[in-house]
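Chain IDs A, B, C, D and E follow the sequence of writing; residue 1 opens each chain.
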Amino acid sequence: MTYLIRRLEFFAITLWAALTMNFIIPRVMPGSPAEAMLVRFHGRASPQTIRTIEIALGFHTDESLLQQYGEYLWNMAHLNLGTSLTFFPSSVGKAIMVGLPWTVGLVGLSTVIAFVLGTLVGMLSAWRRGGILDGALPTVFIMVSAFPYFWIALVAILIFSFTLNWFPLGFGYDLHQHIELSWDFIGNAIWHGFLPALTIVITSIGGWILTMRNTMITTLAEDYVKMARAKGLSPVRIMFMYAGRNAILPNLTGFAMSLGFVISGAILVEIVFNYPGLGYMLLQAVNNEDFALMQGLFLLITVAVLVAVLLADFLTALLDPRTRAAD
Amino acid sequence: MLLLTACGGSSPAANVQRQAGGTVTIDNESGTTWTCDFNPYNGAVNFLSFGTVYEPLVYDNLLTDKKTPYLASAYSWSSDNKTLTVTIRSGVQWSDGQPFSADDVLFSFQLLKKNSSLDLQSAWSLLSDVQEQGTDKIVFTFQSAAVPDFYQVAAQTPIVPKHIWSTLSDPTAAVPKPVGTGPFTMSDCTPQNIKYLKNPTYWQKGLPYIQEVDYPAFTDNDPANQFLAAGNADWGGQFIPNIQTYYLNKDKTHNHYWFPPIDNINIWINQTRPLLSDKAVRQAMAFGIDRSKVSQNGEYGYEPAGNQTGVLTPTFSSWVDQSQLNKYGYKFDPNKAAQVLQAAGYTKGSDGIYADSSGKRLSFDIISISGYTDWTASLQVVAQNLKSMGIEIKEHDLNQNDYANDLYTGNYQLAYGSLSTSPGPSPFYELRNTLDSQTTADIGQIAGGDYERYKNPSVDALFDQFAASTDSAKQHQLMSQIQKSMLEDVPVIPVTEGVAWYEYSTKSIGGWPTQSDPFSAPAPWNLPDWGVTLIHLYKTS
Amino acid sequence: MIATATRPLLEIKDLSVDYLTDRGAVRAVDRVSLEVQRGEFLGVVGESGCGKSTLLYSIARLLTPPAEIASGDIWFDGHDLVSMSDSELRHYRWKQYSVVMQSAMNALNPVMNIGEQLRDAFDAHQRFTGRQITARSEELLRIVGIDPVHLRSYPHQLSGGMRQRAMIAMALAFTPELVIMDEPTSALDVVAQRSLMLKIKQLQREFGFATIFVTHDMSLVSHFSDRLAVMYAGQIVEIGETARLFAEPKHPYTVGLMRSFPSIRGELQPLAGIPGSPPDLARPPAGCRFHPRCPKVMDRCHMEEPEFYAEEGDLIRCFLFDSDA
Amino acid sequence: MSLNLVADQSRVAAPVGSRSRVLGNLARALVSNRKALTGLAVLVIFALVALLAPVIAPYPPQADLFGQILPPSAQHLLGTTGNGQDIFSQLLWGTRQSLVIAILAGAAATVISVIVGVTAAYLGGIPDHVLNLFTDVFLVIPTLPLMIVIAAYARSGGVFVIILVIVITGWSYGARQLRSQALSLRKREFLEAARVRGERNVYIILAEILPNMTSLIVANFLGAAVYAVLAAAGLQFLGLGDPNDLSWGTMLFWAENNGALLAGSPWWAIAPGLCIALLGGAFALVNYAFDEIGNPALRPVRRRRQ
Amino acid sequence: MLEMPARPRGVELIRTEGLTKHFRLGGFLSRRYLHGVDDINLSIHEDEIVALVGESGSGKSTIARLIARVYTPTAGEIFHRGRTLSSIRSHRDVLEYRGDVPMVFQDPYGSLSPVYRVSHGITRALKLHRPDLSRQGREDEAARLLEAVGLTPALDFLGKFPYQLSGGQRQRIGFAQALACRPELILADEPVSMLDVSVRIGVLNLMATLRRRERISFLYITHDIASARYVADRLLVMYAGQVAESGPVEDVLAHPKHPYTQLLLSAVPDPRAPISLPATGEVQEPPRVIDPGEGCRFRSRCPYAIEECGRVTPKLRLLRPAHEAACHVATSDLEVPRVDEGATVR
């Protein structure tokens, strides 16, 4: 229990720290929503107009910083993220909800696929030390994981979409498709997501293969694996229950964090593939000095990471009885 | 009173059999996914409804200044050119079946008066009053003689239905289901695509021919260009690098482009800064820049070189005072530039840069917008030109907001870019906003125009005289004098001419505007011209 | 199976094990020959790095790269373990012979409880019902002196002594013929160590399995083993009956070992130990491997390697006992 | 660009050798490792190119002397850019900045990792708690967005802003790794021996702990360098660098903005991308080789040749 | 070594009074404490080897680290030549104390930094504690020290790296480092437990030699009671953070008073003695002492426990000359029955 309490403690403190940073960044950065509004009105808005909009956007420049901070925390606690400047007059929450499913669907799924596949391959490659898999994979994937993935994406589009016409040019689904829960739509979305997902998977799978292979090799040298062999257990059981299960434990947190970072990790892929997710939204928020949207996205990402890490902690506690020990 | 006939304006290829039906897909990088807001008074989204769903009183062709009555069937100026009386067209219906009336027009302008943030054209900085006269007339009273202001008020302000908008609690809020008088109705909107359908009760009978318009959202140029080049869209509206290879060659028989200039891209020269306040320095810079090379390297030649009169060519060629231009002859001439500087007492330092008698070097910062890579490329040429001639300029890329703020408040030395106000159908609009000191403000205050803080009362007076006149000859004569001040004082340096990016495919759609038949400004983002373009289009196969 | 009565349970002939390193093969076990009779308790004593654990793991066929058997035979009940494939070996493992490792903390899977690990061993070899397994598991824990509630315990929840006992319980799951033990008590404190040794001996008596017991502490097995093999630098240098070996050690190394640990009883004797330190196996000394440290070194020890010489039924690898010389 | 945040146990291996011996051993081990050798060779080539760019580049890299979008030819091995610059010359010159970013950012991030990680581990107690929390916060906050925010606001600062951004966002992972190794070192008795001998903390950290962590620190630098290469490329690709700089990232940015892949000059985009991949890959290879050196279990398995 | 004449006790070097160390468990909000050692009173005199014997976790290393100032005591005080350790504050005084009371560690592989030559630790110690020595002086002294611990030729060894040495040689280097400070008392924390049997005795002999030749006292910490007997004059037996029994080695071995000492003695494997432990199912091990209450900590394993043992923590009582035990049952008149005649297996 103490373990979980300690993790919750970490969760709370980190969340607070991230929230506070979120509050500070836009206030120390040059530029203000007023400036941004100027652009919108081509320099011809009256001060009153700008003021009204500033307040609508949640900037109360006449209040003390402490007051603003209090209000900010209060709003965050109520998930009141304010109004987006970019998508004015939409609220930040609404704007985010539009992009969220796409990003989570594409990047989340590819992250999971990369992790599961990479872990399995890494496990097998360590299990068959010196085999073909083990001989070639590390080198290949060290190289591939160092590739800039937006560049792979560019080349993939050129080859598979533009020249060969195998995959669509961008978008999350066909233009005429309605967003609905039908096989037709889902199939269409998968077809559109295939190429972006592929680039994410091939550039990130290497990391998982290598880390899993390395921890697995370390684990395979453990006495309990030797013991399992001595007990005459079947190789499959040894690989999964003895070596694999122990080797995967230290990777869980890393996986959780990468899941949390799904939202932010895909900016470049989304831009290259004209994918309707959150990544591009974030870049826009920054370029437009859309602080509300920026804060909303940051909050979302941070909470996602923290929740993912917390879940990984719970999972670790579930899989590893040692963490449940008193101290 | 001038009576006008209501029609599409020109009558191109009348003998072609125009089929009804078909779909036009627009390919225009908008930088966002769609929020499905069709508020025509929201500057961020008005390009999605003004022209197709909502219409102005009069359509004024940006390129030709040809005026076509739309929701107004006729209009007339008072003798002092301060009062405009507009007759409202009868028989027009809103797309929800309600009849359109003068009430709607009055309501629309009152709405803008009440909510200044909706008044994108600052109509109420020009107007003093709007009244209804009888049942079918609206009288606009301007603050001063304002013939050119007709454009903002009558041609650039969308009219909305009173019966709907009067019930809205917040007119700045999103309008998800727009109701207008235009040729199309918004039928379906997802974050990725907007689908417009033909308005069956459109007041111009038989129009539009096209059944459906698709407007997908592109967040970045590259995917948009790929989409267009792959033949997935009919109508493009953005810069395409190396268009010959990228686009035309992909379908040589059907793919075309036409990039008519619509504004100038200037070097704004802050007249309040030391050295830059010296006319000689400004003139030397004007001589020292190889505008055609900038155009070629920065813009692939698609944006033609500017000329120092500030009058766009060929769009407004008839207004150019060619003899004056020839006299000043601001052709690329580094030697001439050097002469001008030396004559003004500048000497070249050992670093190759001129300095004044007190040793102040001619070294300036120029601000630009980051992400505008064509500008960056252009400025690389400008910097190289000027450096070899003896003036150093250093580029600073700012984000759009910071750039605008610095530009408006005069917090810069040199700035690269165009006016933030929308272009107009004659050189008057751009030049007034560039030169008229009534549009400027003190340093530190926000200026709506004349960002360079050029102050010349005689030039200001020329603009007032122009605005009070409806006589074309007189206007041309005044414009000549205005051009002279541009040439003599060099308050800004027009480097290239911004164009309406416009690519189109004739594979399945015909009726496109062309250089020989410029019935509308052709970019999908020209408002409300794109609505006019769309009613001319028809299915060919 | 008439021969079984006379045939030794385990017969090792000229077994050599190499570690393949960057600098070439290092011979960790060098031409070791051993026999273990049914029900016998054989102690194997040696200092760290003498190859005793490697020997043990090669018997259990648990060597992993870079270690591998270079030559020699291991006959278990008449079957050659060396040439067996992994799947063939599975029939012998645990049912015929089992292994108890040095540290149960490392040898027990930390994420499975004791019961699950026992169940794994059962499931690997035979179909049992859940109830049968539970019953047998509880019985096993009781045999080694642990409360059966600990079937639900995870290794880290048990004390060191209990963990080792749990592992021994596991090793007895199928009451095998041979239990190979690698210093099973070395991680324990004196009291727990003695208590566990007694338990092992008692179980061995009770179930009649043979034991190969590896340790670095020869006094530990003094009261328990039937025979004792002393290893030095990869070789067995002396092997004989335990009581005799303690009473009258023959090989100079064994003699030195006996003079290396003080006693708590009797007169306090000044002790000298053995000068020097064990050789690096990558560069073993020529001739007798012990000669650099040997107080009785002779000329021929520098050049020739001694063979085993029989002496009163025991074998000693030392020229002192070369009756031909 | 996301890191795989894994408690890499394999790294926390026994420290290797003395200072001179460490380096000697490392050098020997590196040379005998095929991955390391390949990686090092690539790095050396890039370093040479960077040094010799003025000599071997056929043209000044930024001068727009030629026709736009010329195809590859004998005069222009990779063709010309949309501005009429020689792509091959740009590629050679671009090596400089790309390499500088990788090395400086990698080194700076490593220094911070070492300071924070090792100090936390050595001091223990409350300072450790605080530093650890600090590290965790930096691990948890979204890196790329933070990078974009900082880079966007400090845009005109050029390459040093990029380096700064990479350092700020890139140190925490290494700090955590180094802390865990330092923690395992802390239990080793030679440190206690030094303390009992009367050594001061600073001496213990600098002279006793750090030399024992050489291989992990180097590995960390290599990892940070890979991260820097990719992060810089990403930022510059987004236009958040100074587009007037010349590096592979900005080349890609310009290529992308000019639609190079489709507009008839694919090499403009492919070549710098390949170079980034090669440079990142080279660092990663050497890094991986370090893993193998530090943890022999990871090395390719030898089998007896018979 | 053999002849151990009863020497007059020299000056008292170290004395502890009520020395107590508790460790907090878990995060910094935790309120659970592990009692490392509780209420330890011991003294070490000049020219004396005191052995501290106990099982792992009994707190014997904690005592060494408290005296070595690695830990600060939770309660109680340590006196060095009558001066309290807590009053030693200045860097110079602390350094001086560290020079007087150095420590030798258990793990021969961990106590030398693998990146330095073996001369490193010795020269550093000389630099810190003998600043008067020149560079040459330091080198000479280092060579002399190596010879003193039996590593000859000294110059060969000084240039070697730890990995080139055997465990026994490394441990001798450890002693040489300690000697470099010209100490009066060396804290030797299990210096032989990780060594091979054949070299252990050499290190023990070294300690004896150093005491004899250099008049250095030792606090010898070990779990091996036989080795304690071999070198030490006095013996302290620890159990669960407390001293169970203390006295002259031979007297304690001959007349163990505390039941735990008896158990310990009976468990020592000894080929020269008949086996002597009942074959019980005894699996209990010393407890980790977390927030203990009153009472004897050995009571749950003690065959003689009485009701009082559960209530009152026994204090050390003098039961024989210079021989104390902390047990309610053991008295000077009452010899606790020995368990020698337990069932023998063989």
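We take it that a contact is a pair of C-beta atoms (placed from the backbone, for glycine too) under 8 Å apart; a residue touches a chain by one contact, two chains touch by 3 or more.
These figures come from a predicted structure and were not determined experimentally.
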Considering only chains that satisfy the touch condition with chain B, which of them also satisfy it with chain D? A
Across all chain pairs, which one has the most C-beta contacts? A-D
As a test of understanding: of all chains, whose mean C-alpha position lies farthest from that of chain E? B
If chain centres are mean C-alpha positions, then the most distant from chain C is chain B
On a C-alpha centroid basis, what's the spacing between chain A and chain E, in Å? 55
If you average the CA atoms of chain A and of chain B, how far apart do the two points sit, in angstrom? 41
Averaging C-alpha coordinates per chain, one finds the centres of chain D and chain E separated by a number of Å equal to 49
On a C-alpha centroid basis, what's the spacing between chain C and chain E, in Å? 32
Multi-chain contact residues (two or more partners), chain B: 222, 226, 229, 371, 399
I need the residues of chain D touching at least two other chains; which ones are they? 152, 256, 262, 301, 303
Multi-partner residues in chain C (2 or more other chains touched) are 65
List the residues on chain D that touch chain E in their complex, please. 14-19, 21-22, 126, 129, 188-190, 192-199, 208, 211-212, 214
Which residues, counting only chain D, touch chain B once they are in their complex? 62, 64, 68-69, 82-84, 152, 155-156, 239, 242-244, 253-254, 256-260, 262-265
Applying the document's contact rule, which stretches of chain A touch chain C when the two form their complex? 129-130, 220-224, 226-235, 237, 241-242, 245-246, 249, 319-322, 325
Could you pull out which chain E residues touch chain D in their complex? 28, 68-70, 94-95, 98-99, 102-103, 105-107, 110-117, 121, 124-125, 128-129, 161, 174, 177, 181
Applying the document's contact rule, which stretches of chain D touch chain A when the two form their complex? 1-10, 35, 133, 136-137, 139-145, 148-149, 152-153, 226, 229-230, 233-234, 237-238, 252, 256, 261-262, 266, 269-270, 273, 276-277, 279-281, 283-285, 287-288, 291, 295, 297-298, 300-301, 303
